[in-house]
Amino acid sequence: MEVLLGVEALESGYGSIQVLWGSSLEVASNQCVVLLGVNGAGKTTLLKTIAGLLPARKGKITFKGADITGLKPNSRIAGGIGYMSELGIFPNLTVEENLKLGGYFRSEKDNRKRAGEMYEYFPDLRAYAKKMGASLSGGQRKMLGVAKTLMSHPGLVIMDEPSSGLSPKFVKKVIEVLKFLHEQEKLSMLIAEQNVSFLDFAQKIYILDKGRVSFDGDVQELKGNDTIRETYFGISR
Amino acid sequence: MLKKIFPSLGVVLVVVAMFLGLPSIYSNQSFLFNLMLYLALAEGLNIIYGFTGYLPFGYVGFFGAGAYGSAIAVTLLHISPLWGVLWGGVAAVLIGIILIPLLRLSGAYFAIANLAASQALYYVVSNPALEKITQGPYGIDLSSVYNANAAYYALLGVLVFAMVLVAFIRNSDFGLCLLAIKEDRVTASLAGVNIVRARSIAWMLSAFVAGLCGAVFGWYSAVFYPSTVFSLDVSVFTIVFVLFGGIGTLAGPLAGALILYSMYNFIGISTPQYFQLFYGLLIIALVLFLPDGIASILRKGKVYVP
Amino acid sequence: MNLFAYTIIAGVMYGIFFGLVGLGLNIVFGVLKMINLAHGDFIMLGSFLAYWLYTLLGVNPLLVIPIAVATFFLVGFPLYYAFVPRLLRSKDPEMLSFILFFGASQVIEAVIIFAFGNNQRSIPSDVFGSSGFVIFGQRFPIAWLITTLVALAAFGFVYWYLRHTRMGYATRAVMANRDEAMLSGIDVNRISAFVFCMGLALAAIAGVFSFFIIGSSSPSMGPELTTVSFAIIVLGSLGNPLGTILGGLIYGVAVMFMQSYFSSWADILPYVLLIAVMLIRPEGLVGKAARSA
Amino acid sequence: MSHNGKRLLKVEGLVKKFGGFRALNGVSIDVCEKRIVGLAGPNGSGKTTLINVISGVYKPDGGSVEFDGKSIYRSPSHKIVHSGVNRTFQIPRPLAGLTVWDNVRLAAVYGCCEADKREIIRKALEIVQLDGLKDFISGGLTFAQQKLLGLATALATRPRLLLVDEIAAGLSHQELDWIAQMLLRISQTGVAMIVVEHHLGFIDTLTSDVVVMNAGANLFRGSIHEAAQNEEVVEVFLGR
């Protein structure tokens, strides 16, 4: 399989606090990867460093074979990395404006067509087109976040906890949508989560623990591994 | 603990010896007076800015309130000028109490609101409508009680008070509590600190020092105008001195005021714009390269700065 | 009744101009979350540019507008890149930028005094012709009308820029959430630099016309204008550029009323307004949230 | 549900809104003297918000909070601390510029009324085994050490109720056991606790009394093993 995103021995952090201590991972084309880890494990730091919001202190990031470690965030986004933060949207702008910003560096015409497709995927959003992002329900906000990210036709979608703040019912729905998009748009995804519901949908799983990758493998391997089961789900039978 | 008090005590003694001895060597008393004035103001501003992080752009408001408070007490109530100095401090504290709600604002908002408060006070005091009390814009004449030498030593007393206050705060539990509030309000309040009370006390102490300074300044000047004792320059100079020296220490603001005010006096007084330019550039350079002042250079070399 | 009508109409025009005075400060705050404490000094610089061009070359103040915009964009970009990215990365951008811009304000004031001396300067108000105009039976100099129109045009431009241009969209995104904007592929630094320059240029335009409303210009008027601007944008709501016009109107009408009926207390007004609004409604009259401790 | 001893904390129908979002939507919880209650629930269910409201970091918008028979609803944090409640933070927030000793000293001086401050500081540091690092600047400690420092500062105010927010997150297996033993020892000195944890296994080693929250409200109260059998609980944890 062709490697789309490569992260090698990445170190990063905030000010005097180092959070990542040499994390490596790979996302292949057309692959869904879930990055699991508890609060404070460094998931968001890792994603932000990949997007360029935080500088890499050591290590290397490649995308489609090219070294992007030193690029500015906007060049990385324009290069085909879509990023959905935990917040995901601009609450003080309308749904329409959110979508427009999602495709900021693409042509007006292209944006209009793409927005049309997004309204097809998420019919709810069309009704709210002129409303503020803040007026949407939690689930709808996540949908808008996904739609906004897809506006730029990214080759890879990075998501930071798409389940956060959602009730189990909506988490299920988000997963369904992502599954559908994965098939429909041949999307590659890197999803940071704590919610184990995302596991079944991942083709590959990394576990991040105190800024280091402590496990990589598929769901079967994860489920067969007792220590990890206990550490991360708490209850052993 | 004691180990740390001795250096502070040493600093205080050196400063006192300096201002007791210098008049017999150097005859320009007015320079020495103004130098002392800025040393004391710098320590006073240090109490609120250095230990709690509130930057009082309107610090001059307390200075002016002190000058007018004592002058009114002396001219209208016929109190002796030395007692008048205390009245000046009290007047500043009263203004401080009125302004306590401003402490609810953070960072730059507090600084601007405080600046506005000092301007408002200036316009009240200089208003011709209040001529009976404040003489309005026409200024105050204290020449009947003028005594330069007495004012000089009164100011030395104020300076000692300010230094001892800062040395005490720096080495006490109260200082620890102020630093804690500056660093993280939530953590401080979960350690049981009553934040509103602690910062209000620091605010009033800081106001008190400025008020005493303003009062002695009025006495020493004999004649002064609202535009002098409410001049924004007083705030600006004091802030620059404290920033340059290093906040939150006893010696930093003293060193800052000593170095910069001496330079100002020897080079700048004929054309103040040279100094305005110099201060402006200095502030920019400090923010960019040395935000913790010259004391931080020593601290990097593991030298204890009292 | 005559005085009342005059007060209201003059207050509205005065207020619209003061909206322009605060506008530049507010858009810079909106994008950078920094208070440009040298804002008033940039207004002063604009007024001296106009004064210099008028006395030396007889240039009409209206023609100074494009010159001012060009000059301040040329000055603004290097200023932005020299200071702002560094400040944004520092541990306390809000406070440090505040102090730094204060230093800048001292430098600007000193330099202008060197160049022009510490005197009041003015451009005669009949530069646009000596005819007056009449609204509701009240007569005003033509210079007031032109100033008001220029200020309204500036607000119109900012509205058009924010609502109908691609960069304007990006600007609103940066105002709403810097990180999220970056993640939408916006070059946040370029947008910020552009808006910073726009803020300076708007300040300069306010300066060009300040002669006709304030009367004269002096190198040391900066700090007072900054405080007034701050009062106006806090009234209107911080970070909402279009709200500034509301702040300006309230300020303008209030000042005119004070001058008409309690003239000796008029000077104190902006300061009291500022403190009152900050303590009672720190989020401004139309805004949502502001920082308080 | 076991109710042994006097009821120390009584929270009823607590509501906390952020804008239009109800982070707490009528949650109730009570703790008896010297007991440990586990508080579990998925991310975003409001556990940390509940701790923040009880400890006065956030002001609630409805409901009631009583400690030792007196209302501490909307009291300022320092008063709540003085009445005998303290907490730790999930992401530790030490006073980074101060030494370990000064961090704890502040709490001992301002948070408790006992006379021998040195002894209190020394004991608090000894319990969390940070006594060897007392002169270190706390900003230089590791994440785990900063969490322990947070615990020591809370202990130095001599609380009768300690709210422990995800102290185990990001710790290794051995460290978990060690921390659990430490919390049990603290509990034996007569301190009641609410222990918030994502991780049910950790709670299991401390208590059998657990409250599960979901969407800002109570979902379940009972023993851990009942919780593991309860369909609703399993659903919010593992999804379906």
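When the chains are written out, they are named A, B, C and D in that same order, and each has its own residue count from 1.
Assume a residue touches a chain if its C-beta (ideal position, glycine included) is under 8 Å from a C-beta of that chain, and two chains touch if they have at least 3 such contacts.
Keep in mind that this is a model prediction, so the values were computed, not measured.
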{"item": "A-C against B-D, pair bridged by the larger set of C-beta contacts", "value": "B-D"}
{"item": "Greatest separation from subunit A - chain, by CA centre", "value": "B"}
{"item": "Whole-Å gap separating subunit A and subunit B, where each centre is the average of the chain's CA atoms", "value": "54"}
{"item": "Rounded Å distance, subunit A centre to subunit C centre (Cα mean)", "value": "42"}
{"item": "Chain centre separation in whole Å, for subunit D relative to subunit B (CA means)", "value": "43"}
{"item": "Approximate Å spacing (C-alpha centroids) for the pair subunit A, subunit D", "value": "32"}
{"item": "Subunit B residues counted as touching two or more neighbouring chains", "value": "none"}
{"item": "Contacts with 2+ other chains: residues of subunit D", "value": "none"}
{"item": "Overall pattern in which the protein chains touch one another (line/ring/star/complete/other)", "value": "ring"}
{"item": "Listing of all chain pairs that touch each other, if any do", "value": "A-C, A-D, B-C, B-D"}
{"item": "Subunit A partner contacts - residues on subunit D that touch it in the complex", "value": "19, 21, 42-44, 90-91, 139-140, 143, 166, 169-170, 173, 197-204, 214-215, 224, 228, 235-240"}
{"item": "Subunit B-touching residues of subunit C, taken from the complex the two chains share", "value": "35, 83, 86-87, 90, 94-96, 98-100, 102-111, 113-114, 118, 223-224, 227, 230-231, 264-265, 267-268, 270-272, 274-275, 278-279, 282, 290-293"}
{"item": "Subunit A contact footprint on subunit C (complex, rising order)", "value": "91, 166, 169-170, 172-173, 176-177, 179-188"}
{"item": "In the complex with subunit C, residue positions of subunit A that touch it", "value": "15, 51-53, 72-74, 77-78, 83-85, 87, 89-93, 97, 100-102, 104-105, 148, 152"}
{"item": "Residues of subunit A defined as touching subunit D within the complex", "value": "16, 38-41, 134, 138, 161, 163-168, 171-172, 194-197, 209-210, 227, 230-236"}
